[in-house]
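Contents: one structure, followed by commentary.
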């Protein structure tokens, strides 16, 4: 029995609210249960130096967590003077995942920066971030289209992410914090709507796992991502 | 005529929503028009080293702004590796203001950290932060009382803050960004409900101002703060 | 009775010694009693990036304190790797105050950097810094005039600063450290010679203060600044 | 055809040389072809603060690359003042992987720090690091046993790692830099000798991949890790 | 002919003014011509962690330069966030030199921090710093004696420092900036009053030098240091 | 008797192995007994900003030590976020020493960066670094010549370095760690093959030393450097 009484393959209540920050070209407040992330997409006419003049654009991501998004207050990274390893890992993952969804040539020599700021954390902040970021990105691209800044299709696919894990011996979908902190194995899947894999990260928290266990998690993830992509399509319709 | 068509002594629409972050001992989402700040109050059983063993508590504040809270994206301080001078100034002001409202002896040897994170900025983020922080602080103290952690009254007074400025030659209350960026003179007042001053900061943005002009701003501020304190009382009632 | 036996409206002995650093375009060793600040003004043919090409110059300030300027040694900021919040606040105040005294268009596309380094601190380092900085700035501008670098008048007004506070229930002028650490209320005024206000910062150290108290401080400040401006005029004559 | 003319399931020449640094409790110079990593294991009688008094030890890892380990010189992190995101990601992976191989209770309240420094990089530095780190760790534990510092078995399993990828449409094992920079998909597997998974990370560099492709990579990885574990056993015998 | 018209073995005008900072246990404003350094000695009842409980004290030094001590303004290290390599080198030299002059056991478990801040720089700031630091240190020890904090003699010898160099083919003593920037060879000598060497650093700025040249510099240095030690004795008498 | 049983004027076993890093334009693994340093020379078509357009090149050096190169593990500088004072001092010494050996005009507007990374430290890491760096530099210049990048001779002289010290009252050559930590006096000499001095640094670790003692050390150093230069010539032949 899961602490939340959900079925093993049941997502938490998911919501994707668009247009939540008035200045941003795209924005989304994504909720996976009690995990709430505010995502904005910012379009800028500049590129990282190493990319200039190559006829391609870039998508980059930054991730942060408000100090009291968590049960115990965590130190503000701006005050500590550096981002933690966890933050760096997550923002690199978000950036890579979104770039796979985008035709960077079609974007032109522009950069979109996706900021994912966790207002409240109850497990799965990176997967909620990616899922919401796709919506903010889609809105940013819609904004560009309405100004005739792009001509061909830029978005190649829907991208969403979900965590799975083995909790009390059972593979379960979309771990909340109570499950995550107890799970034997924990995996994050970033996938397209049609079930192809963009990124997969699986970690044995306690003991190594078998290929069969991993395949069970992947099957759950495919199911969860399909549902999330449906919700993305509803949100941007 | 003000860009927002408000009367010179008219506040923006103000809202103070409590209990917005489930983990925090106190929290408040404060809105002054399009300026939105998420405030949390965190109680901890530790003190800065220089205060230990003196039988007194401490209130400290941190301030941050999400990168796309502003018209143009501003660089994330955690990624830049340091807080800007503006951030440091504001969080010191918030901390000082709140400490004046609190009986630190009655608080006991504990620290309350107030985090003010700007989700959207349209002028007056520091005054909104202080006004909302008082509500989060009041809730945190209520939380402590309900657990018998404090015996005597800790909160000595309501504290709220408002900006005033001379815009197009006229003293006006609660400047939004459009006014703030054009104002000749800009002042922030932190006051108690009964009109006493906790902190006043007045700056001539272009040309020095006279005492008479300053007194006109102070009169407006007193009016604005009285209204904000009424709203605080409604919110915590 | 004040610890220094001064009358409530009496400044400490003030001296403004010019030309104390042979390389600087302007310099001043300012003393307010035992508070000693070495100020230099440096002219450079460069501007902050955001100001380039606008036909205007810039004045910026930096502030520092030698480690043993104080009763107890304070950590060297260069070794700590960052400036404290207090330092940042003060140098921003000095810069803003001086810019109001200057016609930035008449200055041309150049930057003057004012460095205020406290050799010995006995209260009022920021007000002594501003008062001495005006003298160093005036000398720097004289240096430019003698080389025909500027044509019209650049200095618009004398600028000086003084602190006031309520000590033992009495409003007093120019607090030294013994008073400052005990004062109920503490305010810094930056004013022009004719009594107009450039910046005012008032803080209730213990209990909120009334408008009447604040006006008493402002009256004292006006008197003190008038005297400081007389001394500035003598110094640069 | 692979640039190195290897068969798709062929590892590069692998060597594991022990005892290469005279001071370290364990050390290994690991070579995967032209990728050379110097690993040391350091035993210390101290623990991270959050782990003290729990009767358990800790394994942590740090990773670095000499500036000219790469084709173009990369900036020295010590001089840049911070570790890159890539470095942080890799050292966290190494630490997690090794901890799974160790019985931390049996280790006692001690920390082993594994330093992996890349002398020359030709792809696969993280997988070579993990594979060599296991050898250095095993030697460190042998050192402890010979001093009667531990009583029960501390090492639970052999751990090795290998990369796989889809290069020119074919799944291949142990990518060198020429392949890695061109691969469509890139995955790193950390496994035990009996084929169970400790960590898996797969990334679509260009287009999303299918589950079938992923399974092909995993099959290759299992084969490669089995061979690496044989070499580890030979090395420590 | 030297730019300053001094004889090859002639020091600049040297002055050693004591008691210049009212809070410090010892202080000295040292001038070697236009090079002016303010030195303070601070006594503290604490030690670096690695020295605790060994029955010995410690002398450490910090060095800084006001931004406009130089012909062109140099960036403030506190604002740059780190000390330059030159600063680090100099403060380590000052600390080592002074420690040789002191009986650290006789000092007891206390630390004296010597701060050397250059107000104006015209070559030889490190040698002026060391020479003045000895005076500040001697005053600090006198202060301790007058409070019966030490019983036996702590100061073992006078220590002074001077630079020499080969300028236009001639060995000269006490280089000013005009000479220093042109010298072929440049050496700094830290010596005791009786001509023994504490530290010697010689650098070929352009072409390597011979042993004979080096010995000529050392002879000059011995002469200069003897004169500086005479001045130290006069100063502390 | 020296701990290593060497004669007072006897070097440790020295080896200079070239071509050890396949990407670098020049490289050398230098061993002075158990002190092992990996040196690479990197040629780049860029210059420090202050040197641009002057028709001259530049040689710069960086130095690092692997964390477990030492008996006790030392903290990784990249993780600490800054280089220690010792590191900064050493890399500045290496850079200065090599520049004296090079005709910077003949090099053209290019920079060679010499990285010296200590794999194992047993005293004398800076002198081994300089001696090996000369070999890597020579190979880098040979590489340039073979591509017709330089026309005239760039290398002006062989440069090598050695430490000497007074150990148990006897002047000895090439101190290992056991001697270095006990020596009364310690000096490092950087010299050319014909016995001229590039840099000399002598430090009294405990008591000041005499000129006669210093000359004895210099005589030993000349002997040692002559031998090292012979080995350099053999290595590059």
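Note that the chains are named A, B, C, D, E and F in the order they appear, and that numbering of residues resets to 1 at the start of each chain.
Operating definition for what follows: a residue touches a chain if its C-beta (ideal position, glycine included) is under 8 Å from a C-beta of that chain, and two chains touch if they have at least 3 such contacts.
No experiment lies behind these values; they were computed from the predicted model shown.
Leaving out subunit E only, every other chain stays linked by touch in one piece. Looking at subunit D and subunit E, the chains in contact with each of them are F. Chains making contact with subunit B as well as with subunit C: none in this assembly. Rotation angle, subunit D onto subunit F, C-alpha superposition: 180 degrees, expressed as a multiple of 5.
The chain with its Cα centre farthest from the Cα centre of subunit F is B.
Relative to subunit D, the chain whose mean Cα position lies farthest away is C. Mean C-alpha position of subunit A lies 50 Å from that of subunit C. Inter-chain spacing, taken between the CA centroids of subunit C and subunit D, is 59 Å. For the pair subunit A and subunit D, the distance between C-alpha centroids works out to 28 Å. Counting partner chains per residue, subunit D shows two or more touched chains at residues 81-82. Judged by the touch criterion defined above, the protein chains form a single closed ring in which each chain touches exactly two others.
Traversing the ring of touching chains from subunit B and stepping first to subunit C, the chains occur in the order B, C, E, F, D, A.
For subunit D in complex with subunit F, the touching residues are 21-24, 27, 34, 38, 40, 42, 44, 62, 64, 66-71, 73, 76-83, 87, 113, 115, 117, 119-120.
Within the complex formed with subunit A, the subunit D residues making contact are 82, 85, 88-89, 91-92, 96, 100, 157, 187, 191-192, 195-204, 206-211, 214, 218.
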